[in-house]
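Here it is: the structure, laid out below.
Order of writing sets the chain letters: A, B, C and D. Residues in each chain are counted from 1.
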Amino acid sequence: MSKVFSTAGEALGGLCHDGLTIMSGGFGLCGIPENLIAALRDSGASDLTVISNNAGVDGFGLGQLLETRQIKKMISSYVGENKEFERQYLGGELELEFNPQGTLAERIRAGGAGIPGFYTKTGVGTLIAEGKEHKDFEGETFILETGLKADIAIVKAWKGDAEGNLIFKATARNFSPMMAMAGQITVAEVDEIVPVGALDPNFIHTPGIFVQRIVEAKCEKRIEQLTVREA
Amino acid sequence: MSWTRNEMAARAAQELEDGFYVNLGIGIPTLVANHIPDGMSVTLQSENGMLGMGPFPIAGEEDADLINAGKQTITTLPKSSFFDSATSFAMIRGGHIDLSILGAMEVAENGDIANWMIPGKMVKGMGGAMDLVAGVKRCIALFDHTNKRGESKFIKACTLPLTGQNCIDMVITDLGVFERDKAHNQFRLQELAPKVTLDEVKAKTEADVIFE
Amino acid sequence: MSWTRNEMAARAAQELEDGFYVNLGIGIPTLVANHIPDGMSVTLQSENGMLGMGPFPIAGEEDADLINAGKQTITTLPKSSFFDSATSFAMIRGGHIDLSILGAMEVAENGDIANWMIPGKMVKGMGGAMDLVAGVKRCIALFDHTNKRGESKFIKACTLPLTGQNCIDMVITDLGVFERDKAHNQFRLQELAPKVTLDEVKAKTEADVIFE
Amino acid sequence: MSKVFSTAGEALGGLCHDGLTIMSGGFGLCGIPENLIAALRDSGASDLTVISNNAGVDGFGLGQLLETRQIKKMISSYVGENKEFERQYLGGELELEFNPQGTLAERIRAGGAGIPGFYTKTGVGTLIAEGKEHKDFEGETFILETGLKADIAIVKAWKGDAEGNLIFKATARNFSPMMAMAGQITVAEVDEIVPVGALDPNFIHTPGIFVQRIVEAKCEKRIEQLTVREA
């Protein structure tokens, strides 16, 4: 019962159906599972609810699934980089649920950790709090946020092994460790699959229990805002 | 003369203290990093998962896996550490960040801030702003005192949807500095930009502020 | 002949499946690790923060920083990973562990279990037991069918304070195996230990169990 | 404003007062801050509330603070290894609050993460649930548990630097990363202080923001259950 697959398409084999809830890692285009997103597009599965901090850019990342109209609803914190997104949203073709970024991260962690709800002060007194339960702790008011789970989580890691153990590089880590926990099935694409035992057990970011499938795949890794200084 | 964007950032940098952990918002607040006093140790947090943010890379040394919350390529410092988004916002929500400096569309006299949404326009999302204003120990709003039509942005009550309520501790605009007086629960003019008159700032401030 | 402790553990090991992540309780459940079938990949979790628990060390190679939840010195395997207690119980509470095998003082016919506290005696604490029975996908209770006085420990309703309610999916005792029938919400005798008679097990079982 | 101190006693200097709430890392005797516990004993601070998974053994670890009667209350999940604890508890001299181990870990994380309360199914229907708010999510019942904070957290790490960045070794990590987050002041003792920059930023377990003071100190590292196999 190997976790290792040869291609992103095979790694998603048998999993993609209309109406699924998908979590997709990454912050902007940093740490997105490029190949798995493309394979999800190729699967043709539609009416998807996608939980991801951002929505990609036009024609790349989750933008690919927007072009093909496979996404019914996005749950995100910021979607400013995508004209097609804006067009579909303003046209009423796409549902959108905004979450504060930290609330989104914590809701995903909670979903993976068996916590159905938690209280936070983020968003109290704002639109985000409307319709949510309010509760006071030690004289301060908090709102109830619920855990989020997904049918499938797709994440991008730096290195992984056949047990599903993963490590991430730099800020490409972002939402992926929590999403790996919150996916009923988690599929990881990695820059490199290394032999079991090559990763130091002290420094594994995502233990293999959270990863059901893994594939080595080459990423393009586009940069959104190339910013440099004088040498 | 009112302050330039760069001078506003320099003034905000005077609020830094040695050992502070600081989150800087996009726009003018980002410029504050250029004014950290020599010899002062300030650690910049980027909410996408990094402490100890370094400068922009030299051309050719950029790394697509290493960006800040504005999606700009950056570099590490010897003290840097990376972590996931849940840990990053545990720092923010848990009150571990000493100071957040962020832009604003409106700040109200009660400390409310609006900086994420204009009804009727395409809404891009709040990103981490709501978490920052709710969680960070001290929040400074850095913004132009008036909008393009000359109307005050430092007002009695926010008209735009809030980012957070009762959370701004200091306002720094191109005209001056206003510190929240906890005892009176009211902002107090602390400093005027050079050659800005009290009358000018009074005329351009809708908020009920203590001027004496 | 009823089963020995070792035979009970061997019978419990038949419930393992390839690829399973398993948490074994202290006592008889620990012995299950000795009966994992050759060629089957089973990963043992230790709730103090480890996946892929290896065997006890050879004398002289013990490491005080590497222990299991029973505080015994252990070793790593190539697949091992370490993590903090919050992550460890996220695995448990979040339903990521496939199977928990744990001891019991009492199991009731409705799946309740008591294994942490005897009123009037010094209470040592529940440790991770309440988290395990509440969170793990499938829980097997492994215990002697009767106590020292010959009284049934597989009973109508627990008399001791509960560790968890309605959470035991299978009971394995020295006398036999009882699988919870989800449809009837009732345990059903699945297997008798060698030479144990149906009459004996009926006589020693207070719980209302399906015997046919 | 250096975070580095020369001795455990100096690292706790000015912090120890009667009535404090202290978190102390470790599981059994594995990963306990031996030197800081001893320094806390030497400080004489009493009426302490101590949050720690266990209570040490007689005369070692937190057992040292029990002998001197400095502890008023323990919040723990398991305290079975300590006769003096048993004597004081049965004699009514010591308060004790049991938490399921996972609930304890999550309460500490929540405290550090600004989450005043969360729902869990652990303990539903048991003594632990008595007096706690119950709430249903999707037809299942959960109980409300609250975040825990401490005036001081003392933890033991493997290596650390002057910025307070920490890494832990093997299962000595356990509760310490969360406690470092939940302490108003967190003091870490480490086997080795390394130069800033020596720790790989991808593999820092506890970022320096959570650690206010650090001291290098030699640990005895007692083993509770030495268990070996035939060579």
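Basically, a residue touches a chain if its C-beta (ideal position, glycine included) is under 8 Å from a C-beta of that chain, and two chains touch if they have at least 3 such contacts.
Bear in mind the structure is a predicted one, so any value in this text is a computation, not a measurement.
Undergrad: Please identify the chain with the largest separation between its CA centroid and the CA centroid of chain C.
TA: B
Undergrad: Go ahead and note the Å separation of the Cα centroids belonging to chain A and chain C.
TA: Measuring from centre to centre gives 35 Å for this pair.
Undergrad: For chain A and chain D, what's the span in angstrom between their mean Cα positions?
TA: From the centre of chain A to the centre of chain D is 32 Å.
Undergrad: When the centre of a chain is set as the mean of its C-alpha atoms, what distance in Å lies between chain B and chain C?
TA: Centres of chain B and chain C (C-alpha means) sit 54 Å apart.
Undergrad: Two or more other chains in contact with one residue: find those residues in chain C.
TA: 76, 82-83, 86, 89-90, 92-93, 135, in rising order.
Undergrad: Which residues does chain A have that touch at least 2 chains other than itself?
TA: In chain A, 106, 109, 113-115, 120-121, 168-170, 201-202 touch at least two other chains.
Undergrad: Based on the touch definition given at the start, go ahead and assign the chain network to line, ring, star, complete or other.
TA: other
Undergrad: Which pairs of chains touch each other?
TA: Contacting pairs: A-B, A-C, A-D, B-D, C-D.
Undergrad: For chain D, which residues are in contact with chain C within the complex?
TA: 27-31, 53, 76-80, 86, 89-90, 98, 100-106, 108-109, 120-128, 158, 168-178, 205, 221-231
Undergrad: Across the complex, what residues on chain B touch chain A?
TA: 46-50, 55-59, 62-74, 76, 82-86, 88-90, 92-93, 112, 117, 122-131, 134-135, 161-166
Undergrad: Along chain D, where are the residues that touch chain B in the complex?
TA: For chain D paired with chain B, touching residues are 1, 109, 111-115, 161, 163, 165, 181, 196-197, 199, 201-202, 204, 207-210.
Undergrad: Given the complex with chain A, which residues does chain C contribute to the contact?
TA: Going through chain C, the ones touching chain A are 18-19, 21, 41, 43, 45, 51-52, 76, 78-83, 86-87, 89-97, 135.
Undergrad: Given the complex with chain A, which residues does chain D contribute to the contact?
TA: Touching chain A from chain D are residues 106, 110, 113-121, 135, 137-138, 140, 142, 146, 167-170, 200-203.
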